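Order of writing sets the labels: A, B, C and D. Residues in every chain begin at 1.
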């Protein structure tokens, strides 16, 4: 094969968490892997706190730069339809990751956030034998990923009539706010059995649970950060964590390169509410396999997240 | 015909009774002068008429009909135009916009009619043609103008109201003679056209020149209304200051000579800066050196510059024998300089804070204090306040609860706890009543006798004549005359002040 | 009689009254809200906010449109620095405190220099600085090993220390006493009020206005840094953007405490009450089971309602 | 009265200062041109007709929001809820358009109601700030929380596509020219018209010295409320643009834009203390923010440094805007 050169633009519109940084890093590493295969994948990154117009400008910059593909972790699910249409017109492949987009001109490569929410709920329901009082601590109200996750757990609880959601609050994916919310909830609902809390806030919620001395009475979802997993093992928490791996962008990149090479997906991306999604498997960590997760994270910094991504070979397997 | 009649109008600001009982009747076609010492309530009275101050009590009649004035807009609508003493201009707007601001001419119900605006403003600008100064133009921004030009804009703005009743609250304080003359011509013309005019000034000659009748206000109370043609300056002044006939002017004069053997407390050589030029003088220890002349001829600018709060372009200052580089008030205070400003609202009062804190800042600096122990401070503060007979309920009351004169005493007291070597007094008696003035000057003389060098700038000739050993008369930013010994007469002072002005 | 009336008009009295009302309301709406342990835990959260608000308070008191929008960034930065310096070990606490204070003071100094020397309005300067700090956070989080709180710090913040009350509340009380002493009994405090109420008069009375103002912004930075440190202890590990929520809430706490945004008027005791008030309000809204949209509307409207108790501007017609 | 300035020291009205006095947005224009040049140097493509059109249509919303902010800043006020008003109007018109099934009539009616909604938010802000005399910063922050709650109530989750008619018009062409050019032209005409409105002069006079304006007889409270009305109106227009550019509703879309709008006003040389400024400056200020974002990228800044460099550049340009603005005014 002749040396091929692809230029891929990565856009990230929010830099408020380590998860995002890790996401970019893993994508860069994936690009480096392609070099070893003789495919020259050059990534061009835009990553800064921007508003929606700012991220639309990211895409425009990429179009002006003449990239072959754009991979975006979008600030809004719907705001990019027109600009993605323009990108497609310019012959650019557009892939969204981490959060689905409504554009028919893009595909989504990432996990199904609804399934993500469902997985945690399923674990909780099973752990509590299908009955008990539960509170949910959600992320940013109105954010699509948050609403999909909420829809996911609500769907699951329909099958468990004895599971009762006594309150749902929003703590904006902020660890300290999650901790404060949990603290307030514990005061007014002292008899809860379970907590559905999304990553980013779970460590905070668990801190409040432990401070209240209730870690043995309450089962709660957890996080995939190394420092939480260490705590989980040390304190023998009754927890389970659905993994939203920061490697999603790397997976998307591998898919993008293969598509740029002209390969065709075995099963076209047709899943999801916008019929443009290619869902990746969602790993789940519970007390059975938490040790293995810890092994993967050994030697990493505390904010490093448990990750997984499609390797080149795994990605190739998706193609004809 | 009576244009305006006020009776029993009163106003209190918290504890300060600004106006006790204001009575006033203004006829059509007259210039009615309001006279009263500083802080007697003249501006308060005017603002009540103009709607920007809400009276506590009293009746207002316009054209013999009782009216309620709910605000400046309603006053305008009822035919009242006003020149505010502290001006009411928008610094970033042009001269013409300011003149017409209250009633911007509009077209299509929405837009400023620029042509009409220009035309209307031009009428009033033209009134002062030739005396308004070079760079004065219709489209100049007001913030770029000189103080006298700003005052002219405020006059034009008041005239543009075309109101049957016009109020001018000290409109001439920054104007030069030619400007005043032109203004008076305009007033005379308005008088002929049947307008009623209220006019305030502290200059007796102006009052004589333009006024028909005078109403005298003392301590917020209307004393009487006189026909100016039938009275003289001396009796007006007597009425203004009340029964106490012993005006500073009749007080025994200060000695003409002081013992200069102690050496100079302050020497100024060839000093120039913003507002003054080529000033040289020497101030001996124990001397009270007067600065005279019309208001705003560079006296304040010079005092501020010496104190480190102005700008100096050349020349030198020698304080107690060594050169002093007046870079900040802080340095000046450390070197034993004190500065009392008449503009207490701007330079002195730390509003909203206790009296105690208003007396102590200089003490903090000079004694390099870190901790403010109330009991120990009280021991230092109380005598200083008492030496001036300051009336206050408690040191912990906010300074705003005091009357203006007592506030000023508090400000003066702050300089007396740690004795300075040089005391710069910049028209220090504004808003102070007569007995307080007397207290202050006794104190000043006593301080001088203890060896302080004192510079006294006063806008009241009598204060200078009664207290200064020597008087430097300022004109146009430099010293035009020095009056010593027997030369210190009212006549000489007046003449020196006005020559070539 | 008027004494009694003016007593009840004092912002602090108003705030305390509202606190009691809110606690009562909270207990009715969600039983268990106003129990002892919960109140203590609310106080922990309030003390974090209160410490940030202490710095905000002095900056606002200093007048000239003083405001510090960069506190949120400094809180985050300090939590990250502290987490990495102590890295889960008690030995690192003192160096971490030193490093955090130095960082807070440094960014306060930059704010102060821009505001006094270049005369940039504080709102603009500190808003720009917030942007810089957010960028800096991304940069320094790259390649840093970890960010865990030392156990001693964590228990200081969350566990009872003396009389069943956690250390951070004692710290907050100490800060309250210190602030009250500083504002009322020291020359520095009197000078803060002086520059806040009449900068020019203060200048003419020899107050080093510029130095003072720079110092105020440095103090604000240092309080934000202390809060960041405590926040690390509260949450156990440092993470990005942890301080974001404090930028505007610290201003609201100050306003609820009766300090005028115009400067020169107010104090810290009221701010402490204001911080508690705000945290209780947020707590009630969390526990009441309504939609997030409803929560936000109620929160916004309640803030407005509470504001009408304080800090209404002067009428133009005197 | 203060001293007569005897010497002519304060009269040094240099040519540059005169020019700045007349066209206070010149520094902002210079900065925009410099940033465009930098963009061009690092990536010539970014100066293409197509790219410039894109820049304009993307930042039109921020431009309008900055203009909205300018009118309250004229009077010395501030509106921290402008971004929330934008979000609220965005979701409201999207929901209305969908409910009425997206024909031309539905779109126009929804837009009209959007304007009314923007005005209503402006009234609320004006009442709490000017009539109730609450401090603008905290009061409008409180209303912003309220408006966001309302937006979430109307559209709990981002989504709901806009009718194709609407966004295709916004992103499309008319007589061979991109539609945004017409918007820009209309905007500039509107701004020129508004610049002549009596209200503009009154707002600036109020911002200059509120007490003096009151004593002059201006209806200060009503003028300030009308400033907030203009702000609400332009925020609604900004919402139309963001709806056109994103073709969807998002209850959180404007959240981050508020502080950028304040920054844009300052970048444009207006004084936050009121009485001085230009809307054209704010327009340029908004473009400055957009251009800084792209320059940082085209310069090849490593990704982890981009946010820092961007924040730093904005701080520096903010300082430049303030300093230049101050030279220009008396």
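Keep this in mind: contacts are C-beta pairs under 8 Å (C-beta built on N, C-alpha and C of every residue); 3 or more make two chains touch, one makes a residue touch a chain.
Remember, predicted model here, so these are calculated numbers, not experimental data.
Contact count check for A-D and B-C (C-beta pairs in contact): higher for A-D.
Compared with chain A, the chain whose C-alpha mean position is the greatest distance off is B.
Put simply, the C-alpha centre of chain A and that of chain D have 34 angstrom between them.
For the pair chain B and chain D, the distance between C-alpha centroids works out to 44 Å. Chain centres here are Cα averages; for chain C and chain D they lie 30 Å apart. Residues of chain D in contact with at least two other chains: 151-152, 156, 211, 214, 304, 306-307, 310. Among all residues of chain B, those that touch two or more other chains are 52, 71. Residues of chain A found to touch two or more other chains are 15, 21, 48-49, 141-142.
Taken pair by pair, the chains that touch are A-C, A-D, B-C, B-D, C-D. Of all the residues in chain D, the ones that touch chain B in their complex are 1-7, 9-11, 13, 21, 193, 196-199, 201-202, 204-205, 208-209, 211-219, 275-276, 329-330. Interface residues of chain B facing chain D in the complex, by the touch rule stated above, are 47, 50, 52, 71-73, 75-76, 82, 84, 87-93, 97, 101-104, 106, 110-112, 114, 135, 141-144, 146-148, 151, 157, 170, 173-174, 176, 274-277, 295-298, 300-301, 311, 476-477. Residue ranges on chain D touching chain C, taken from their complex, read 128, 132-135, 137-139, 141-153, 156, 210-211, 214, 220, 259, 262-263, 266, 272-273, 304-312, 314-315, 318-319, 322-323, 326.
By the touch criterion stated above, chain A contacts chain C in their complex at residues 15-18, 21, 48-49, 141-142, 166-170, 174-177, 179-181, 183-185, 187-190, 203-204, 207, 211, 227, 231, 301-303.
For chain B in complex with chain C, the residues that touch the partner chain are 13, 51-54, 71, 307, 309, 329-330, 332-334, 339, 341, 346-353, 357, 360-362, 364-365, 369-374, 414.
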